[in-house]
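Have a look at the structure below, then the notes.
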Amino acid sequence: MSQKPRLKAGILGATGSVGQKLIRLLDRHPWFEITALAASARSAGLPYHKAAHWLEPTSIPEAIRDIEVKTPDDDLDCDFLFSALDSSTAREVEPSLARAGFPVISNASAFRMDPAVPLLVPDINPSHAELVCNQPDFAPGFIATNPNCATAGLVATLKPLDVAFGIEAIEVTTLQAVSGAGYPGVSALDIMGNIIPNIPGEEEKLEEEPKKILGRLENSAITPNVFPVSAQVTRVPTVDGHLLCVSVSLRRRADISEVRQVLTDYRGELTHDELPSAPSHPLQVLNGEVGPQPRLHADAGGGMTVTVGRLRPCRVLDFRYVALVHNTIRGAAGAAILNAELLASRGLLSHRSQAPQGSTLCEPEYQRACI
Amino acid sequence: MSQKPRLKAGILGATGSVGQKLIRLLDRHPWFEITALAASARSAGLPYHKAAHWLEPTSIPEAIRDIEVKTPDDDLDCDFLFSALDSSTAREVEPSLARAGFPVISNASAFRMDPAVPLLVPDINPSHAELVCNQPDFAPGFIATNPNCATAGLVATLKPLDVAFGIEAIEVTTLQAVSGAGYPGVSALDIMGNIIPNIPGEEEKLEEEPKKILGRLENSAITPNVFPVSAQVTRVPTVDGHLLCVSVSLRRRADISEVRQVLTDYRGELTHDELPSAPSHPLQVLNGEVGPQPRLHADAGGGMTVTVGRLRPCRVLDFRYVALVHNTIRGAAGAAILNAELLASRGLLSHRSQAPQGSTLCEPEYQRACI
Amino acid sequence: MSQKPRLKAGILGATGSVGQKLIRLLDRHPWFEITALAASARSAGLPYHKAAHWLEPTSIPEAIRDIEVKTPDDDLDCDFLFSALDSSTAREVEPSLARAGFPVISNASAFRMDPAVPLLVPDINPSHAELVCNQPDFAPGFIATNPNCATAGLVATLKPLDVAFGIEAIEVTTLQAVSGAGYPGVSALDIMGNIIPNIPGEEEKLEEEPKKILGRLENSAITPNVFPVSAQVTRVPTVDGHLLCVSVSLRRRADISEVRQVLTDYRGELTHDELPSAPSHPLQVLNGEVGPQPRLHADAGGGMTVTVGRLRPCRVLDFRYVALVHNTIRGAAGAAILNAELLASRGLLSHRSQAPQGSTLCEPEYQRACI
Amino acid sequence: MSQKPRLKAGILGATGSVGQKLIRLLDRHPWFEITALAASARSAGLPYHKAAHWLEPTSIPEAIRDIEVKTPDDDLDCDFLFSALDSSTAREVEPSLARAGFPVISNASAFRMDPAVPLLVPDINPSHAELVCNQPDFAPGFIATNPNCATAGLVATLKPLDVAFGIEAIEVTTLQAVSGAGYPGVSALDIMGNIIPNIPGEEEKLEEEPKKILGRLENSAITPNVFPVSAQVTRVPTVDGHLLCVSVSLRRRADISEVRQVLTDYRGELTHDELPSAPSHPLQVLNGEVGPQPRLHADAGGGMTVTVGRLRPCRVLDFRYVALVHNTIRGAAGAAILNAELLASRGLLSHRSQAPQGSTLCEPEYQRACI
């Protein structure tokens, strides 16, 4: 892919916490530059630094500070869009912007389970990207989604196990950080020194999304995997990093050393060289008996590496382990960026001025990239 | 039981956090009064208020402040002993004090799995108390133990299910508070905004103790229950209250409303009237979808009631729920006190001056109480 | 005062965190019973347990659960009102309800600095209660207020010093708990492992309110005290209890032992016997060098005792010390209840049916109580 | 200074938290390479990765993992030493190693107030470095120290004010992070959701060290500044970053805009180009009313920039502001490294093989650098 000039990216939901993370991670990105920011009517018309309650530990990038915030209804000067919208807004806004011609790379849950929309993790199921070429409801643009933040951690560990042994069943209990709820999100009075043993809607996502992600692409459609997932989620007083305590049953009998080897050797379907945000290791098996820990390991691989520890036999299912995912990077903003990179590398994102008028993005020349 | 005069209680490990909790909970106890405090040589000779780094939110009871701390080797003026020793010290000290004639009501793990020692929860397995009458290794005294703090929560929920349906298998992930590690215990640098996905030795206890507690007493011996337990423990930044995320398989098919009814109706083998520290409800099923929570529910029933919420079907095993136990009350100090009350109510604790010289506590008159 | 029948109390802002605390503290109150609950239109018509996101560690009192929540505009069946409204709502609602005949015992800041309204702390300035008899703007009812939560802690320590030595100047830095911001209040993302060195409007209150509270009542008007207060407030990750680090200059030269004696001996203008919620000690000087601490000492005296420690000479002003106040009890709900008790004990609250139609509460018979 | 080959640095107290921070910050340092690690006898003989309970969020640098840990008594192969020892050990070990010929760049408090030892902050008092040339007690090596972690933040703000207006008096209250206590340091049970209003010895350091740092060098001796400092320290539940709430009286009358300008314009006595670890701005005045905050601003300038906010007039002294310092970087490890860089740039550190046998480090050629 030619890296010059960079593709122009817009961000929907730019003032929220995932929007902010997108801005920070895209700062000096080799392929993309941010040219449009959209948020709710309340922020519209303000320079970004006045519209956003900035939460990142580094300053707002200079090139972003004074961009005027628009609404999704305004004319957005960009080649494609990242969506960090909440789900209910996404349900309205994303289709209409796709139909207006924009590829929408979404972190929202609204269309993740739509059969026409890929639930995409580049190192796990890059072939699913092909779905974007056939979305009549959203053409001439398209929608591509990344998974729920906790799901993102779970599937990184399931993929190599599924390939090697087949997944039979999963029990998972999560300990999720407050950044997963956005801003203002969780009240301090609710979570300081406390645990909330529920996050509405989250368990359903953890129980359904992995089956689509690890599903089989046949005839341009996904046949979901069939293993049951039983999930209990909790909110805990950590800032970043969702921890997952997993028990797994495998289809094929395996011993612990095989399982460890398979997880250790896993490199995913991508190489670091291919996409700028791909980590050298999508998965890292930790030594020792006290990891992973959110404060120590969430930033592994720039927040894009899922860490795993405490692998051992389980007395009820087959094996137990603990995984950690940086929920706002690997589980949100970083995931969306990696999806955009995958799509760009396959020719599925392009400069708007170069796209044939009225065509869907995937006709003639684009179709080739989908194969 | 005659409540006058009160039995004289000594505390081993009196300066530690469980020792402190025992002191607070025994303040104005109707049956017991504290007359002896023992700790390590470092504290010996000091008045208690100088020896202890007091952590309870109420002041040291006046009657306790100036008691001189002794060592376990000193002459301890009391009728029986609570042991809040760490496990390795308990292994040495408890047998020798039992052999010196003291009933030892222990919170330590050292002898929990000893076949001759009851692992006692008065509302669950009061009949196991009988074991104290036949401990040749520890006579003329005896040792009685309460479970690990997380186990205490788990078994409170398992007992009614086992009676009604039979337990087939258990998957449990715990989120444990820092008070479970004693003082100074966990370093703030390790746990603030963090999770440690391991506590050495804890998973083994959760996997073994429930089977003994729910075991069958036959011919003065316990036949452990056989269901497998698979446990993952974590330390989280909460102060008091261990949360347990449980999946259970039952032997007999049950629907969710039956399970809810069985948990709701459970009152245990004791009534509140019988023992002063017994809660009116050993188990309480919460309404709503956001409980139990450590800050809101750990103190239920004065810390002696285990709370349960989020009961629902499980996609892999049969049912899922979340339970909460106050780890230093129901899971430690309160459990030991309730054990002492049970034993006293059955005539197994007595004023030392009244015990026949050289006899074991359980000969002639005591034996009757054991039936 | 006759305790039978109890006065009927209504609560404005009943679903908020201070409203909840009022409900808990008034449970089984000997003089008052809650008969009316008001909140915003969103809650109106619901039974209380459905309208409130209950945050207290004990359950909603049975007598309260099913009371139907009204709005302040509805007909409220009660003899007087507690106001736990936010300041801007209070500014509208409190005067209109006072004019409708209700005594309004308010925790809101709206009228604290109004010259006609007492800023009342029963153990400090009970004589200021007299102001309620002369509020032409609010008659036939009246408004009485308690101070800001941090101010409540500061003045408890200033009063004895002012009486004994005269206050010359105050420097204070506060470390305030999140419960002070109500619910949902502070975002967990803002405060976990963090400090926010500002709370809008709070420093002004700390700098002005103490001068009115320690002011002189002359001819039915308050002449404020004149000492300057310089305040820096911070929000810190604690749940309950505002800590105040104070430096004080005194008008009269004093040595440290005198200052310690004056603080230790202070009992306030009330006795515990007089008012049900008055603590036996409004102020408690701690021994040792590591207190007060929020988790250990905020509940002293049921949350109504301010604790003081670290008293020592200051190298710049005269003395330094640290004080702790339970911000939602002594600094809010408990303060309002104590004010109501003071007013009731002086005959300034009465059964509405017994109040002469159209009269101000303070005419004829009430006036006598004001002397 | 020639950067080839790099000077060989040893670290005393290498396994502690400041030792670990030194190791991380020195990774790929252009002037220094770590060649020796020393710790207590318990760690001696182990490879570093087995001796240290590693707490940094990045892995142990590869070059360090397998260095064998020695004791300070062993033969240490290095040109100079960083000391991250606790104060009591430092009092014994640092002089003996200095007398053995090593320059000791110490973070310990043991010799900070020794008149012969510079209490050095390169951007504030670089001329004080000269003191190392005249330390008969420690020759042929020397000892140079950096200030206490909270002092490091305070003096960064005092220096420009002192130069422009003269400091008359300081009131300071600190909110200090747990990392300041090392590891294991503060017990989680003591600090979670809590504040401890004392840190033994800390207030004395804050009250004395600034006067030496801002003292005048005359005839190779420091005349301390004379302004009084009154300090109240607290430990709060933050991880990194000490917050200081400061009131200052100035000798010369100034208005708020002048004070703001002086703080904003301050660049210190060094340029970023000169020393590799010097931040471009030693001090940064924040806009807005809600900073500085530990989580957002402690890492400013790689942890070497002190941030300031909330500047405003004080009603008792002249001005008030809040400052934040990264306590383990600017306040410890980074400060020591910057000191070493300053000394190296002035020729006061050299390759041991090149130092004349038996000479003090500061004879002939070195003396010139001290002018």
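Order of writing sets the chain letters: A, B, C and D. Residues in each chain are counted from 1.
Basically, contacts are C-beta pairs under 8 Å (C-beta built on N, C-alpha and C of every residue); 3 or more make two chains touch, one makes a residue touch a chain.
Everything quoted here is computed from the prediction, not taken from an experiment.
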Compare the contact pairs of B-D with those of each option in A-B, B-C or A-C, and report the one where over half match by residue number. A-C
Sort the other chains by how far their Cα centres are from that of subunit C and give me the top one. A
Centre distance in Å when subunit C and subunit D are each reduced to the mean of their C-alpha atoms: 45
Measure off the straight-line distance from the CA centroid of subunit A to the CA centroid of subunit D, and report it in whole Å. 42
From the C-alpha centre of subunit A to that of subunit C, how far is it in Å? 49
Quick check on subunit B: which residues sit in contact with 2+ other chains? 55, 192-193, 237, 239, 295-296
Help me check something: in the complex, which residues belonging to subunit A touch subunit D? 55, 57, 192-193, 239, 295-297, 299
What does subunit C use to touch subunit D in their complex? 169-171, 173, 175, 193-198, 200, 207, 228-230, 232, 234, 236-239, 243, 245, 247, 249, 289-296, 309-310, 314-317, 320, 322
Subunit B to subunit D touching residues, read off their complex: 17, 55, 178-179, 183-193, 237, 239
